[in-house]
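Both complexes shown next keep chain A, but they swap its partner, so chain B is in the first and chain C is in the second.
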Partner chain A sequence: MTIATVALVSIGAHPASGRARRAEQDARAVELGLQLAGDNLHVLHAGNPHEPALRAYLGMGLEELHVLEQAHGADALPVLRDYIREAGVQVVLAGSQAETGEGSGMLPYLLAEQLGWPLVVGVAQVESIHNGVALVLQGLPRGQRRRLKVRLPFMATVDNAAPKARQSAYGPATRGVVDAEVVEVIVDELSTVGVFQPARPRPKRLKVIRAKSAADRMKAATAKATGGSGQILKGLSSEEGAQAILKLLIEEGVVR
Partner chain B sequence: MLNIILPVLLFAALGLAVIGAVRRMHMWRRGRPARVDLLAGLLAMPRRYMVDLHHVVARDKYMANTHVATAGGFVLAALLAILVHGLGLHNRILGYALLVATALMFVGALFVFKRRLNPPARLSKGPWMRLPKSLLAFSLSFFILTLPVAGLLPQDFGGWLLATLLGVGVLWGVAELFFGMTWGGPMKHAFAGALHLAWHRRAERFGGGRSTGLMPLDLDDRSAPLGVEKPKDFTWNQLLGFDACVQCGKCEAACPAYAAGQPLNPKKLIQDMVVGLAGGTDAHFAGSPYPGKPVGEHGGNPHQPIVDGLVDADTLWSCTTCRACVEECPMMIEHVDAIVDMRRFLTLEKGATPNNGAQVLDNLIATDNPGGFAPGGRMNWAADLNLDLMRDKPSADVLFWVGDGAFDMRNQRTLRAFVKVLKAAGVDFAVLGLEERDSGDVARRLGDEATFQALARRNIRTLGQYRFKRIVTCDPHSFHVLKNEYGAFGGEYMVQHHSTYMAELIDQGALALNADTGGSVTYHDPCYLGRYNGEYEAPRAVLRALGIEVKEMQRSGFRSRCCGGGGGAPITDIPGKQRIPDMRMDDIRETGAERVAVGCPQCTAMLEGVVEPRPLIKDIAELVAEALIEPIVPAKAPSRAAPEVMV
Partner chain C sequence: MSDIIRRDPRAEWIARNRLHPLHAAMQPASASWMGPNGVLRKNVHGLGFIGPNGIKRIDRSGAQQGGTVKRAASEQVQLPLHQVPAPAFYICVVPDMAGGRLASHDRDVLGLARQLAGSDGAVLAVVFGECKETAFARAGVDRLLLLDSEGYAPEQRVHDLRAVDNQFAPRHWLLPDSRNGGAELGRRLAASLGQRPATRVWQIKDGTCLGRAGAGLQDLAQPLPRLILAAAECAEPVSETLHEALPVQLPTDAPRCLPRIEDLGAVAVDPAATPMAEAEFILSGGNGIKDWGLFHRAAAALGATEGASRVAVDDGFMGRERQVGASGTWVTARVYVAVGISGAIQHLQGIGGCDKVVAINLDPGCDMIKRADLSVIGDGAAILQALIAAVDNWRKSARRDAA
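What follows is the complex of A and B.
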């Protein structure tokens, strides 16, 4: 079995009510997948196949949604990795971060690492796929776009720069088939050992603007963040570049 | 010579008419089945025609009298002509009767002719311009032909020339009036109209009744289509109803979307449905087009999707469901039902609700309110009012249905004003609090029947837990849905709009009121209170009790113009040349009133959206609350016995 394009979806939660829904970014991944592969898009979820909110993805016009059936709290990573590896997938699309559970945003990175694939984050558009190379547009802050060439197979995450998900319609949502597949349950160590606690918003440094006129305030509010202490290195060999990066990481205490 | 030709002509035309009728009926039967009592309907038809339909037509006296003369004369003349000239019963009394009938018809036809000399824009031209001449030809030919029968002229009067002329006149007349009736000519309205009245989908509308609630879609029946995609997805009697249209354009003249230059014309829509049921293009349509959309570019047939063939989606989404077209239609055609049926398909199957539609529907599913506000904030507006919750009370006289206006800061002022009035009157009332959900009005009118039914069922379950005598609400949309649309799901309640309830309280002397001193006032009738539920009087009675003499707008009462806020129109937001609330504000300004009294959160929002300077917008509850004499009259015991139920 060969599946070209896969969109990974999760169960979301509405920010105001907490009620289960299709996750905003995952729905955008499905939208991107539908624009890319049409009816050949393979939508995959690891978890409970009986969750009604899954039908909201079917309502986007999918005939089928594949579920790797897992209990709550099981580790989705190994089953997704095995499934994708065995199916000969070329492109995997996913939202950047889940709205429920850990919501760490780590899954795409870990999955890409284990598959040994490149990962492109914040994809806004897949422009073309030719001869095993995809041309994608990556969304950057302030509406900027960066065009990247990526070798297939690759994984991509989407955020709010990607096209808005189409409306979920009741008819297709009720008719669509949820195809559940029983897989080995792998307990997620962290979820059994760790303790969940609500996230605390990180304190934010107040930006004091001393502006005299409205124009100044506008300028201050919309000004690009300036690095200040950064330096631009040009014309270096990859070794020297890597050295520079490593030096910075050590300075910042990321690598010890 | 004519003695031979006449019967042949008459019976040939009748025969062709019967064939045409069978063919036309076959077209209607392509529609889905509908539960209609065929025989009872036929028996009730004459009364529906002469009483109910005439009531609508009689709003225009000129046309009513003209139509009585022409149609009455024609029916009589046709029957007698068949007896006298078809079967050869040359009886003198029959002859005189036929003379009277044709003369009556001739006079009527003259007035039709006069009307057509300089027809108003709403009337269709084309074949309709020919009709008065055909009527004149028919009546005049048979009149002259009958003169010898009545013995007023010798048998062989006039010779060959006249005989030929009369023969041609009869041929023209019967071609238009017999044959044309069932083969799609202007006279089709008589044939289809009569059957439409007999088998109308809302039989409750006849005999002075009212039926305005949308009909539920059976979501459990997987074989039934979700709404209407193709003309054949309408029920057969809906198709029949479209065919009954006389193209008088009363709907067009009343439609707020048409006046605003949005791409909707109810008359054209109905004619497009006729094209759909018979097959073809709209090139022959001889009336005003949808604003901004030229005629002749659309076509379809019963088996082709309507949207993007016959009609563009923005036409369907322009409708505010204000029901002005239905109210005006002398044929009692149900435009709004058809539009919502087609919207249902777009939303439920295609997921194609335009603009903010999808987001509003998602919000309703996830938060039970269209704005997507956290459900826990539903009672924030009343944080300091100490309202009783139904959950903490065994029963209450009045359940105050707050509605989604609870999240809107402008409407919160109305709600607080109404609470003040209720407290002043010592009413035993309670609210559902956080247990209340959106009534489902906007979801249903956006075509999302599934979300509507989910909300309705959950609301009905909640209401079923509590005992109360009546529901009172400040929102005519909730009022309409609770009163008329929850019944199909097992929720039968006595529901009142706050204006009706306040009028009752004032009648009972439960409110001590000062005279209003804020200046002159006009009143804007909300569609869902007025046209949908027939409540025109109570709000005016309340205003009278405040000593206000309402400066009525030209379009008020059942002819009130929509504010543009109904049917999800502000959500789908189809562009036009001007905004509907601006037009309504012009109506208001015309009266010279300093304030406009409203009774609906949608109307308030739409009218307040009009740029200043403009008259102030005040909810009736606010006007009453301002006029209350404080402190509260202590003579009234707090737990008054509920007044007897009045509907």
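What follows is the complex of A and C.
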């Protein structure tokens, strides 16, 4: 039995050139969906169906891509919510942040809130789905993983801990079908209050030295990094030394 | 006793005036005695005092009195205490507290909160779970709310934060937009409160905030919303004032919510597979390691990612990708254990971002020990052996306790 899975995709932008492309994290969501549901994966986009960059998702081996047609700047949330509610899906996958527009990463949270589903953030792997309960591995900073148990239906976002997306092939990309559906347009309020401007380089933080005397300033400028009050254990047997180190490692929670 | 030198001009004048009857009494004490051959001997080293920079000074002008006074190298500055007895409003901050301590990102966000609070508002820090931090007062926290929380329970936390929202009605919510939890919690809170947050905010000026948008090619300027997820280095951390960090409490315990996501705990990952720059716990070996087989066994037993100094890499014991330092990888580990590494400046640069450094070395005078928080002087091989045995014992007893 395969699980009815939907992957939400958006149009990305290359970080250097700004050219439209498949969004990196959304492609990872599609990859995860393909591993989970195989050919039954349903890929959904809200926006312009004629955007050529959308075909890059089809190039990952999809036969069809569903588009809810909307004008630029319209709010995608209500149409996605209604669609998902009616489609009877069990798992919704999405990237954690869009590469164009505001990119606040709020969409999955709002969608999950409005659907009343649990949301799992930063999924690296879906281990198993049995009897309506899924075991997923969540990617944490520093390469760590956490195992979570969640009931279906649920919503999941992926970030760079998820498996890398497969390459997009040109042939399937041109053969695939983009299935568009016109929906009602709801204008997003942000377009009226926020102003987009080209990113300014952020100022580098300076190391400010607040010293009273010239001697202190000289010392601060030339000093080597010191941990300050380090504890030095001398003349101990190696067992005692090892115990002291182990105590610190356990306190810090790095030895488990 | 105060460190400030108080001058007594009259005593100075008497000390200079050899004809004054009190002249002898005002001289700095200098020991002299009759030698065995009938020659008067003087201890010239008793003279003078150690100047502020550690250089000996002899002052013959008479200005110096009372022999040698050793001055403390630098006095601890007493920061002024900022008090908010009756806060007009609250600025609520939820720091990440990765590893139970305030990280630099948390401090930046607290600095930003401090700016928003001004003189009438109070910064309320909400801290979940176990907390090892002792310096909240220095980070600019006026009120501190400790809430207990176990494991990964984002839904419960949002629930608690909503209770805080009802109780204190903060003017702003500030969270670090970081992968350590702030980004997730902030967005969950935003979705739950139904308020649109400003994300990746890096500047707040005159009521507008500037945040990165999209893939980082654009900035989004908007009027300051109630919920702000701030990027690292969004403001200078608080450094010039001391704050009260008064503990506060929620009047009633927020009811437990039924968790829909169950935390089954951390999963063991292969430490060798985590990139060094990201690794949390690194065991690093240098020229002092003779038995590399033992070193690898120790790393496996501790579950640490392996690192090395340049000498160990140049000698072919470790791969180039394992080199820590200026010409290798800059690591950010929370715990860095250096075995047989002398601590050359090129190596110390690479571990500048590490939290706790442990040094194992034969030489008590080496630079690594000056940097380390805990140093054990002794033979690296013997200590690694003992460490492997100790970890095994600890794991066994922990398992027995659990069973």
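Just so we're on the same page, the second predicted complex is superposed on the first by the 191 of 256 C-alpha atoms of A that agree within 3 Å, B and C clash if a C-alpha of one lies under 4 Å from a C-alpha of the other, contacts with A are read in each partner's own complex, and residues count from 1 in each chain.
Everything below uses one rule, namely that contacts are C-beta pairs under 8 Å (C-beta built on N, C-alpha and C of every residue); 3 or more make two chains touch, one makes a residue touch a chain.
What you see is a predicted model, and the numbers here were worked out from it, not measured in a lab.
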Key: Which of chain B and chain C A:Pro201 touches, first, second, both or neither   = neither
Request  = Scan A:Ile250 for contacts with chain B and chain C and give back first, second, both or neither.
outcome  = second
Inquiry  = Between chain B and chain C, which one contacts more residues of chain A in the superposed model?
reply    = C
Request  = In the overlay, answer first, second, both or neither for which of chain B and chain C A:Val193 touches.
outcome  = second
Query = Touching A:Ser104, do we find chain B (first), chain C (second), both, or neither?
reply = second
Inquiry  = In the overlaid three-chain picture, which partner chain does A:Gly59 touch, first (chain B) or second (chain C), both, or neither?
reply    = first
Query = Just which bits of chain A does chain B share with chain C as contact spots?
reply = 14
Note = Touching chain C in the complex, chain A uses residues 12-15, 18, 98-106, 109-110, 112-113, 118-122, 135, 137-138, 140-151, 154, 159, 190, 193-200, 202, 205, 210, 213, 215-216, 224-227, 230-236, 238-239, 241-246, 248-250, 252-256
Key: Of all residues in chain B, those that touch chain A in their complex   = 222, 226, 347-353, 357-358, 361-362, 365-368, 372-375, 448-451
Inquiry  = Please output the residues of chain C touching chain A within their complex, sorted ascending.
reply    = 52-53, 74, 98-99, 152, 154-155, 179-180, 183-184, 187-188, 190-192, 196-197, 199-200, 202, 210, 212-223, 233, 236, 239-240, 260-269, 273-275, 278-281, 302-304, 334-335, 337, 345, 348, 352, 356-358, 360, 364, 367, 369-379, 382-383, 385-387, 389-391, 394
Note = The residues of chain A that touch chain B in their complex are 14, 16-17, 19, 21, 59-61, 166-172, 174
